[in-house]
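Could you have a look at this structure, given as structure tokens, before my questions?
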Amino acid sequence: MDFDAAVPHPPIHHHWVITVSCPDQPGIVHAVSGAIVAARGNITESQQFSSADTGRFFIRLQVESLADRSEFEAALAPVIEHYGMAAHIDTVGRPLRTLVLASTAAHCVNDLLFRQRAGQLPVHIPLVLSNHSTLRDLVGFHGVPFESLPVTDAASKAAFEERVLRAVDEHDIELVVLARYMQILTPELCERLEGMAINIHHSFLPGFKGANPYKQAHARGVKLIGATAHFVTSDLDEGPIIEQNVVRVDHSRSPGELVAIGQDEESRTLSQAVKWFAERRVLQDGARTIIFR
Amino acid sequence: MDFDAAVPHPPIHHHWVITVSCPDQPGIVHAVSGAIVAARGNITESQQFSSADTGRFFIRLQVESLADRSEFEAALAPVIEHYGMAAHIDTVGRPLRTLVLASTAAHCVNDLLFRQRAGQLPVHIPLVLSNHSTLRDLVGFHGVPFESLPVTDAASKAAFEERVLRAVDEHDIELVVLARYMQILTPELCERLEGMAINIHHSFLPGFKGANPYKQAHARGVKLIGATAHFVTSDLDEGPIIEQNVVRVDHSRSPGELVAIGQDEESRTLSQAVKWFAERRVLQDGARTIIFR
Amino acid sequence: MDFDAAVPHPPIHHHWVITVSCPDQPGIVHAVSGAIVAARGNITESQQFSSADTGRFFIRLQVESLADRSEFEAALAPVIEHYGMAAHIDTVGRPLRTLVLASTAAHCVNDLLFRQRAGQLPVHIPLVLSNHSTLRDLVGFHGVPFESLPVTDAASKAAFEERVLRAVDEHDIELVVLARYMQILTPELCERLEGMAINIHHSFLPGFKGANPYKQAHARGVKLIGATAHFVTSDLDEGPIIEQNVVRVDHSRSPGELVAIGQDEESRTLSQAVKWFAERRVLQDGARTIIFR
Amino acid sequence: MDFDAAVPHPPIHHHWVITVSCPDQPGIVHAVSGAIVAARGNITESQQFSSADTGRFFIRLQVESLADRSEFEAALAPVIEHYGMAAHIDTVGRPLRTLVLASTAAHCVNDLLFRQRAGQLPVHIPLVLSNHSTLRDLVGFHGVPFESLPVTDAASKAAFEERVLRAVDEHDIELVVLARYMQILTPELCERLEGMAINIHHSFLPGFKGANPYKQAHARGVKLIGATAHFVTSDLDEGPIIEQNVVRVDHSRSPGELVAIGQDEESRTLSQAVKWFAERRVLQDGARTIIFR
């Protein structure tokens, strides 16, 4: 923070978030931290994990640095190359360009838009796309463009998915959120969005996969119901889990009441997963996720 | 508690717990409460439930009454008959005669025995029966008889189950607790113990049925692990659920650590289920349970 | 549900919720259930509690009955009189006329209005009154009238409170909700609203009373932060507690982050308390509340 | 784990845990990781925190290294000196020499001893010291020496505390656990044990300090009760908080029932705090703790 009186302008502090994964071996932390010192940086937050399952090493760093992006990237480049790292460098807090898909349920969409507006969620949502028009007013109130395209058969489904891909291109989308979008994506779209699409499932997976999970939960008489945010894969309800929450219920709850009770868990679970993803805290390790909270 | 000096003995207050189920219809509460008034009783605790699934009505009452058992039963008998009730009358707090089956894991057995001893669990455990001798000292310390019978093949398994049935008869057992007993009961034994045997499964059912649930949970990367206490039925891990708990875990936990973390949930979930059962708070409604907490 | 073919119209089933408190004594349940039978009613939900602290008996019943209000009240009147009951009879699900007071924070107001709109909260909110204009658009979006009156000194505070009382009269208000209204009410207003005003405090009371609870929580290094919904009394932050929730935090959270994390707990805790109150599930027993969940 | 056939002995892998705190400045991580590389070590676990409150930097590392203790310490010494670090180097998993103080309550003591025995708690408890003889059998069963010394007046209190200090010396104690020890320590003893004594308080601090917290909690009608493990300081119930847990209760619970319900939270909260302390995961930052979970 000190600087010479002769310098008329204070130095600019950049805040970088770096995520890295590579095959595990000794010396990685030292190499990365050395590059950061070289880039006149100070590590302000750090989490690491060595996966016994895959033999890979993962680290997430937040760095305060005097170096601008090009200087910072240049300093890290040799380390990244030497260790064969998959690395990502970004500005801390930059809003992630996020496309939201919805159907008729309002709770998750409202929660996402409300938090975006309140500055609690580092995302920029340029569009909500729905297969119904139900949420037009709600989305409009939050100042976000809304489009609806009915999905009733294979052709309209293809048109909807084409619109999704076009929106991804147009807005340079980094994250697609299925906020209770009630259509199954085609395997092609799942593949195209791999690692960048998050779904909220209204059960505590792997229990109650498929349709009507609350009805299943009622029939089975579970004492806790929950919600699961997970990456979208072509294997339905089987993508890597990002976050889960449960809430206690008892025998007196009808399937309809379970729906209402569960919605709070869905909203907060999805928003939490989106927040972590946008903050680059979610990394994939095979079929599992690493969450650097 | 006050009584006239001329009365040589204070009236004896009996504390009864009554559980009833019958086809639902109007007037049941009035009829039951009328019988209780006739038996000079006062309702101190009451919970009821009408099942939309089965059309049955369930009620649990605690009553303070001047009537002894025969007078009390006589007062209720006409109501029970008229409504075709399945009814049970018992003394509040009477320890339930409970047989514990175990293998090598100590945590659930220790928790049950410690709570029995501390007066927190209204059970009387006359015997712990195990297919290993591991827990002999622990059980002995708590002053409870212990027997072990190895189960290595069909013949020894039959001998073990025969010993279970003999123990049930000898001690007039009302509840059998499988405290991490790691053998699958034969369908015959399951049937014989129907509605009176509780198992603890080390996952949040219906997720991760079968063997090695913690290993499955690790592989699937769930963010919460749990335990489920349920009635034993011949349909493995599918019996009516009595209680469930979960605890948060993260990516850094190995399968072995999940085992250690999960044990606390197993112990408290099983002890809770046993406590409710012993207090006559657990009723069955088809494949679901009603818990009158 | 069956009716004679000669009857042209099916009988109307009324759904009543009855709450009663009176000095405890034997026979109350029988007397009440008898009156209900007389009013051609069937008890569908029932909870009772005898307070050892105050010697009072409390019961909440939901009843399906063929009797209209006047017949139903007439049937219960003798019982109410005989036992000296404080009793309330209402229609199940009737929206409670609710006035919301707010300042600048949006999260609790948004949650209440969103749930009202979604049919999850049985309230009718005819007005949101604030000492700031910040929330005008949000409230308007939900279709609810909004007024703001600045509070800057004793005179403007008196004007605001006068407006509150006028609104209570105009709209026949049954519940006043302080949804992060950041002014202390005068003792006179507290007294006037006794038993019908709910406040949300942003800490786990009785810890961190008064101003800046999250800053206090940070300084003290607590591992869980929370929110408390309680009745408003002239004794600040000391009114009977209705509901509390907590969430885990760790050392890395700044006071500002605690604020953001805590807001979710505030919203859901307040909405839960309002829901229970509106459903007549909240009764007062001295300085404590009874919640018939 | 692979090694050349010509090498007669495999290299020994030491597992070190290092905790460090020092004034924050750039380059610390790089300097420490460089020393670790020099000591032929690989970082397997790492957590760090920069305190905005005190300006201090904290880091905890687990390292797998070919260096033995003297080589490892020699490699780190210059870094420790240069940055003015308070540093601690230990073997991962080494049992901490722990003295337990108790009174009559069994639950916390039983939980600690059971977990020690089950290998879940990296402590070695050479002695349980109590002001009552109640727990003699329980402690003996777990194979741990037990002494009781009545505390009835100032003189006997002084004798007890003298015995504590003597035991600390005799057994080279690193941690003193007050497992529901119901006497207030003198300020002198508090000072002597500063930073190495953990107490369990049976409330969710800072609510309900002092005596009879469950009675206070009942009177106040809280909806969650809890337990707090904290460092012992001469300022009663005000020491830095290490861990807290809560459990939901309702109006129907008597003070006595709250005691029983709360005991589970006390046991697991205390054992958790002891585990983290023994694993060197608890660091003090002024009046707050840092928990490197």
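Going by the order they are written in, the chains are A, B, C and D; count residues from 1 in each one.
Criterion: a contact is a pair of C-beta atoms (placed from the backbone, for glycine too) under 8 Å apart; a residue touches a chain by one contact, two chains touch by 3 or more.
Keep in mind the model is a prediction, meaning the values are calculated, not measured.
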Angle (degrees, nearest 5) of the CA superposition of subunit C onto subunit D: 180
Remotest chain, subunit B as reference, centres from CA atoms: A
Centre-to-centre distance between subunit B and subunit A (centres being mean Cα positions), rounded to whole Å: 43
Subunit A-subunit C separation of Cα centroids, rounded to whole Å: 36
Touching two or more other chains - residues of subunit A: none
Subunit A partner contacts - residues on subunit D that touch it in the complex: 25-27, 29-30, 33-34, 36-37, 40-48, 50
Sites on subunit C touched by subunit A in the complex: 106-107, 110, 114, 118, 120, 141, 260, 264, 268
Contacting residues of subunit D [partner subunit C, same complex]: 49, 52, 204-208, 219-224, 226, 240-246, 250-252, 254, 285, 287-291, 293
